[in-house]
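Order as written gives the chain letters A, B, C and D; numbering starts at 1 within each chain.
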Amino acid sequence: MNASTFAVRTEDCFARFMRIRRQTLALCAGLSAEDLMVQSMPDASPGKWHLAHTTWFFEQFVLGRDPAYRSPNTAWHYQLNSYYQSVGPMHARPQRGLLSRPSLDEVRDYRARIDEAVGELIMRGVDDVLAARIELGLQHEQQHQELLLTDIKHAFWSQPLQPVYRQALHAETENVSVPMRFLPGREGVVEIGHGDSGRFAYDNETPRHRTWLSQHTLANRLVTNGEYLAFVRDGGYRDPALWLSDGWDTVQREGWQRPLYWQEDLSSEFTLSGMHALNANAPVCHVSYFEADAFARWAGARLPTEGEWENAAVAQQAAGNFQENQRFHPIAAHAGEGMQQMYGDVWEWTASPYVSYPGFNPLPGALGEYNGKFMNGQWVLRGGSCATPQDHIRVSYRNFFPPHARWQFAGIRLGQDR
Amino acid sequence: MNASTFAVRTEDCFARFMRIRRQTLALCAGLSAEDLMVQSMPDASPGKWHLAHTTWFFEQFVLGRDPAYRSPNTAWHYQLNSYYQSVGPMHARPQRGLLSRPSLDEVRDYRARIDEAVGELIMRGVDDVLAARIELGLQHEQQHQELLLTDIKHAFWSQPLQPVYRQALHAETENVSVPMRFLPGREGVVEIGHGDSGRFAYDNETPRHRTWLSQHTLANRLVTNGEYLAFVRDGGYRDPALWLSDGWDTVQREGWQRPLYWQEDLSSEFTLSGMHALNANAPVCHVSYFEADAFARWAGARLPTEGEWENAAVAQQAAGNFQENQRFHPIAAHAGEGMQQMYGDVWEWTASPYVSYPGFNPLPGALGEYNGKFMNGQWVLRGGSCATPQDHIRVSYRNFFPPHARWQFAGIRLGQDR
Amino acid sequence: MNASTFAVRTEDCFARFMRIRRQTLALCAGLSAEDLMVQSMPDASPGKWHLAHTTWFFEQFVLGRDPAYRSPNTAWHYQLNSYYQSVGPMHARPQRGLLSRPSLDEVRDYRARIDEAVGELIMRGVDDVLAARIELGLQHEQQHQELLLTDIKHAFWSQPLQPVYRQALHAETENVSVPMRFLPGREGVVEIGHGDSGRFAYDNETPRHRTWLSQHTLANRLVTNGEYLAFVRDGGYRDPALWLSDGWDTVQREGWQRPLYWQEDLSSEFTLSGMHALNANAPVCHVSYFEADAFARWAGARLPTEGEWENAAVAQQAAGNFQENQRFHPIAAHAGEGMQQMYGDVWEWTASPYVSYPGFNPLPGALGEYNGKFMNGQWVLRGGSCATPQDHIRVSYRNFFPPHARWQFAGIRLGQDR
Amino acid sequence: MNASTFAVRTEDCFARFMRIRRQTLALCAGLSAEDLMVQSMPDASPGKWHLAHTTWFFEQFVLGRDPAYRSPNTAWHYQLNSYYQSVGPMHARPQRGLLSRPSLDEVRDYRARIDEAVGELIMRGVDDVLAARIELGLQHEQQHQELLLTDIKHAFWSQPLQPVYRQALHAETENVSVPMRFLPGREGVVEIGHGDSGRFAYDNETPRHRTWLSQHTLANRLVTNGEYLAFVRDGGYRDPALWLSDGWDTVQREGWQRPLYWQEDLSSEFTLSGMHALNANAPVCHVSYFEADAFARWAGARLPTEGEWENAAVAQQAAGNFQENQRFHPIAAHAGEGMQQMYGDVWEWTASPYVSYPGFNPLPGALGEYNGKFMNGQWVLRGGSCATPQDHIRVSYRNFFPPHARWQFAGIRLGQDR
């Protein structure tokens, strides 16, 4: 993020700030204070914590730039710091579910007060550095919008009553079986990564750099529930030859036999709209890297690298089934030519471990802890999902999760050597 | 509990039922739905769960006696069963903190509906069996009242903001230093245990039986904070010679250096009224059996057996600093002769492992799981605490907890061989 | 142990010392240096460690009484201290299997040198204190003889090749089915515990004291494999109503379905003579307290208390199937009247938690760590086993193990209230 | 490994087979049967297991190719299979330390018999497929030679007596301080990976393929103890800003404060020759990836990628301080120009996660489990160490370990973007 090149009009900045902040609250409509307190596993956080933490982020990194700023909520900071070691000590992550205080009402007030303060700051004029900080805060907010959805899905699934988050919209989409075809990708030196200093990107997407792509193809669409079901029925979860060693250990230890939210009878799955019949043409979702990799091996294919993915995606518009659709679930591909579903629906696991690009420089100070320190033991996912805001995604966006993580909207696109 | 000898008047039964059920809700005044959802450790339960589980108990064991009874809440039963294997499968105990549904409001409705149904049942006439079941449900309710208080204390202490449950009442009590004296107990064959078939007792208090008491003395009052502080300052937590082997392992593993709720500076402690200065004359509280035993060894004494305690207590009225006082904290002994603080203030760890009395017969069916199946690895505590309802305690009452448990209002009375 | 009353002739002491020390080595005949290094679980120790630790015990507590004594092996002491905190820091117990050094040959040399030094000390004359220390060392040695056998049994069973320790002796014993009968025990005040100051006992057997025995009966013989098999076949391991709560948790967590060394087909068991067909008339062995207790409940009985056991056993001679038999396995009861198998064959789990007797005083100093500090979470066993030296047992002997322990030669005698 | 292109003369094959097999035994000279049984952590294996497992490998994959072959040791196979799921079930890895049987003598006999059988097979004539299998077995044997050394080092360090494996050779090497300089590497498309079908390589080194190298430099020598000491003294282990998030968690959890074998006083280190003073000019050793990465960040540098390393190393001879030197410890760099210590001394952690090369095809059948299934969560190391046989290493060799592993001879070379 090269702050010096931002050119932001004050009124645009204000509108954007308010729109994104309000959207976070809109996602909580219908959720009770109790629902927003649940932490169903250490990797997830309570909704209320997301609401408060994203607000703290603005307080810490936007308002806090002013040395004269005095926070009225210093007592809360300890529990709202996620992982910024250089900002100070923090509440243990797996203990976030204990936080009944501050209450949801107090957190809403907190949001309102900080929004007002940031709004005033914006209206006093936005220089490049402030614009960059606010933009980072909004991108951060949008990440937590997605996490709020995936965490509430897990929280609801973990309860015996398995409540519904939102009634399903009427599905007016096509639902046809689109044949899988492997389309050739480019061989040779290509450039990937973020290079447009006028637009926001996280530090981990930079610098733009050259890389070599080997001969390869990519599938024209995502792997479907129907295809994944064939893998399950073929004994995919019982054959160690299909799995990475760590993956097989995980399958054994966790007793995995199907994607996270599928029912035991393999005919329905838990969604944010409750339990629904499995749609054979819709993309398979909530699989780990281990499962994506094993499926690919079973299918005689492999996962794409992130360079292959980015090179194929750069020609496309970042359109698709995003959070704005309010489906919160992936949908079947359209009949048609060319690459489909590159954006939205599900994050696509790649064959690329999450490491730095050549010449990577993290942001200075505490913000440098945002991305770089997680570059171990995780894999890159690309393209966004049905829980991602559309204007949050971009072709160079690098999401990352550990290979056993399944609670994100993550699925599979196949590739092949040629 | 010999049901056939109960003689209960319908109106008394109704009034008692309503009084105790309402008291549980009264204890929740001032607690939010969020506060009542916190489960701060696997041994504790959320307040809302206590509210719902005690209600389920009446539905299961009182209303459910009628084969025609149809529960409107069967979907909830799975998560409200605590440990009755013979009733069916159950939600894992450490996962109770995930239950945002049913909501607190729904649980209050549930309580109201079940109370109404039980009330109607009572008004149709109370036979001995029904009286016994209702009485068991109310005793069970009172146990959970105490747990609700100890669990909310731990939940509040576990949060960075450490909220106050109830403002402290003005302390109009004496607060003098009463010398500790060892009063002789009886040597010989005595009878202990519950034998009055006209009054309620748990099965584990029966049968009344003979036991032999050796020569011994008992201290006239509880061990105070001041005395315990001397043990801490003398290096009590650093000398393995003072500890049981399992206790020393626990001290090392958990890093214990003082009672659970004492601050590191040894000058204040967390109470249900927030952080307060340590009162040197008040009984030490929130110590484990391991700590009670180590303190006794340091003091050249030992803990009383439950037979010794019961034999001394039988001469006394079951009066003291109970839940009704609304202090929710132990207070200093009065200047005066004789045994003090035998009832209320803090549960007293005894030197008696929790095992069955000779000739013990558990209740038939699921209710037989109430007490008997826990007779391993726990120690008996006697006398009730500042969180126990006064009419819940009796001289034969046997509470029990594992030797490492510290979150109950548990303290120390010394005894000696003579 | 009241040392001042020992009257030991020097030559007797010397002979006894040498005989018991040699017996430990005799038990190792046929075991390789490698066999004697295996530690198959944290609760067990390598045979070599037993050989060296028992020798260290004499060095520490017998030779070390002389302030002028200089150990040539101080570098070894750290790893040979078992749990004497007051003697100094120690090697972690679960790490004993790492100790390739000192070698078995070096340990044998160590034994020879210390034996020589102790022998010389004895020949210079044995006062009461020395006699007491040596006797304690020999009793300690005999305990470790039994542990050496149970640990090597577990070590051999844990290896895929499951080697034979000793070929079975020809079984010339009767092998008939003896009916189980319940014989009445005494009701009233009895005395138990060790009171003969002229004979050795551990501190935990003292003082002799009065206790009350309720009405009860004891079975005339041990529970057999055939009887236990009926329990297994009746679904004993699948019915939670039969188990203590901790026991049921253990059954589930460990996947218990039968005694430790039984084969899955329930027709043979691993012994120190290899795999053998299950003898329906021989006592069941290698069951935990949890299993003994569950079996008793299934059988409509209970386990005896240690007072009941001791009162019945005091009339009998301490004769039976002991280590000296060299069978290392329990054998069937003889046809005949009266109580059988009270001594030898298998340790009998009692219904008594392992706690101190009234008036208990541990030995002073480090030796006080021998017994007293383990008085939590364990249950008393009585009567010795086929791995116990006959002259090690006595009527007041209190063995103790945690309720889940199965690798000792432990079995079941039933009792009943009457 | 393209077997069809091997051209091996029978006598060469025989001599090479015997030489390498004997070298494994030679490394065990001076180690007792007890030493060779120790398993000091789950990641390590007993020396005896290495001796037997490498022999099983020849039995399974060389002799077993003949369908008529009947193993005389089938009972052992279960415990000698390391991780080949397609060969059958296996003994749990962390339990290898329990295997007293077969004895070391039996394992030596086993080695002799299998060597004889393989020798006879060779003498009957070596076709390409046989040559390839034998070569794979020998490369596998050499890997286990190194593991045997690192495992025995850890086993000896873990024992209180910390024995010496081999007395140190007289150090006739230079020991001067060589300044660190950063030498430029090539930017552009390069080829890496194994492409010479006439020479052996593991499947994970293939195929030879193009990759892009960005602008970079590499340090002329390894990081020294002196340099690493400066990092330690500068608080390197106490500053979270220097560490990957997983690395910092590991530092906290494990209490890391210095390299694995350094003494607490930072002035000496445990070696295979016992405890020795730290040589400031010798390469730092036994650091994890986390530590290598943190050191690089502290030094304002980064680790090289494996492409950068291989491109620099290809110009050099694979000469250096290898197993043949019998030092078993890294030594200081020579004064001189150019890249030093690229081969031998210590494995060099790279910035490259261990993943497949584009177009990778694992070996068919069970041998395909050799490398590919471990491609998750590990990092590549390059160049061999003082425990690696010189003829085992090659420029394309890819070693890999998890980021927390410290017991290998692993060290640090720095690189920089330019």
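What we mean here is this: a residue touches a chain if its C-beta (ideal position, glycine included) is under 8 Å from a C-beta of that chain, and two chains touch if they have at least 3 such contacts.
Just so we're clear, the structure is a prediction, and the values are computed from it rather than from any experiment.
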Between chain A and chain D, the fewest steps along chains that touch one another: 1
Chain whose Cα centroid lies at the greatest distance from that of chain D: B
Inter-chain centre distance, chain A versus chain B - centres from mean C-alpha coordinates, in Å: 47
Chain A and chain C, separation of their C-alpha mean positions in angstrom: 60
Rounded Å distance, chain B centre to chain C centre (Cα mean): 38
Chain D: positions in contact with at least two other chains: none
Every chain pair meeting the contact rule: A-B, A-D, B-C, C-D
Chain A residues within the chain D interface of the complex: 83, 85-86, 189, 209-212, 214-216, 240-241, 243-248, 289-290, 351-353, 355-356, 358-359, 368-369, 373-377, 403, 417
Complex contacts: residues of chain C adjacent to chain D: 32-35, 37-40, 75-76, 78-79, 91, 95, 97-104, 155, 158-161, 163
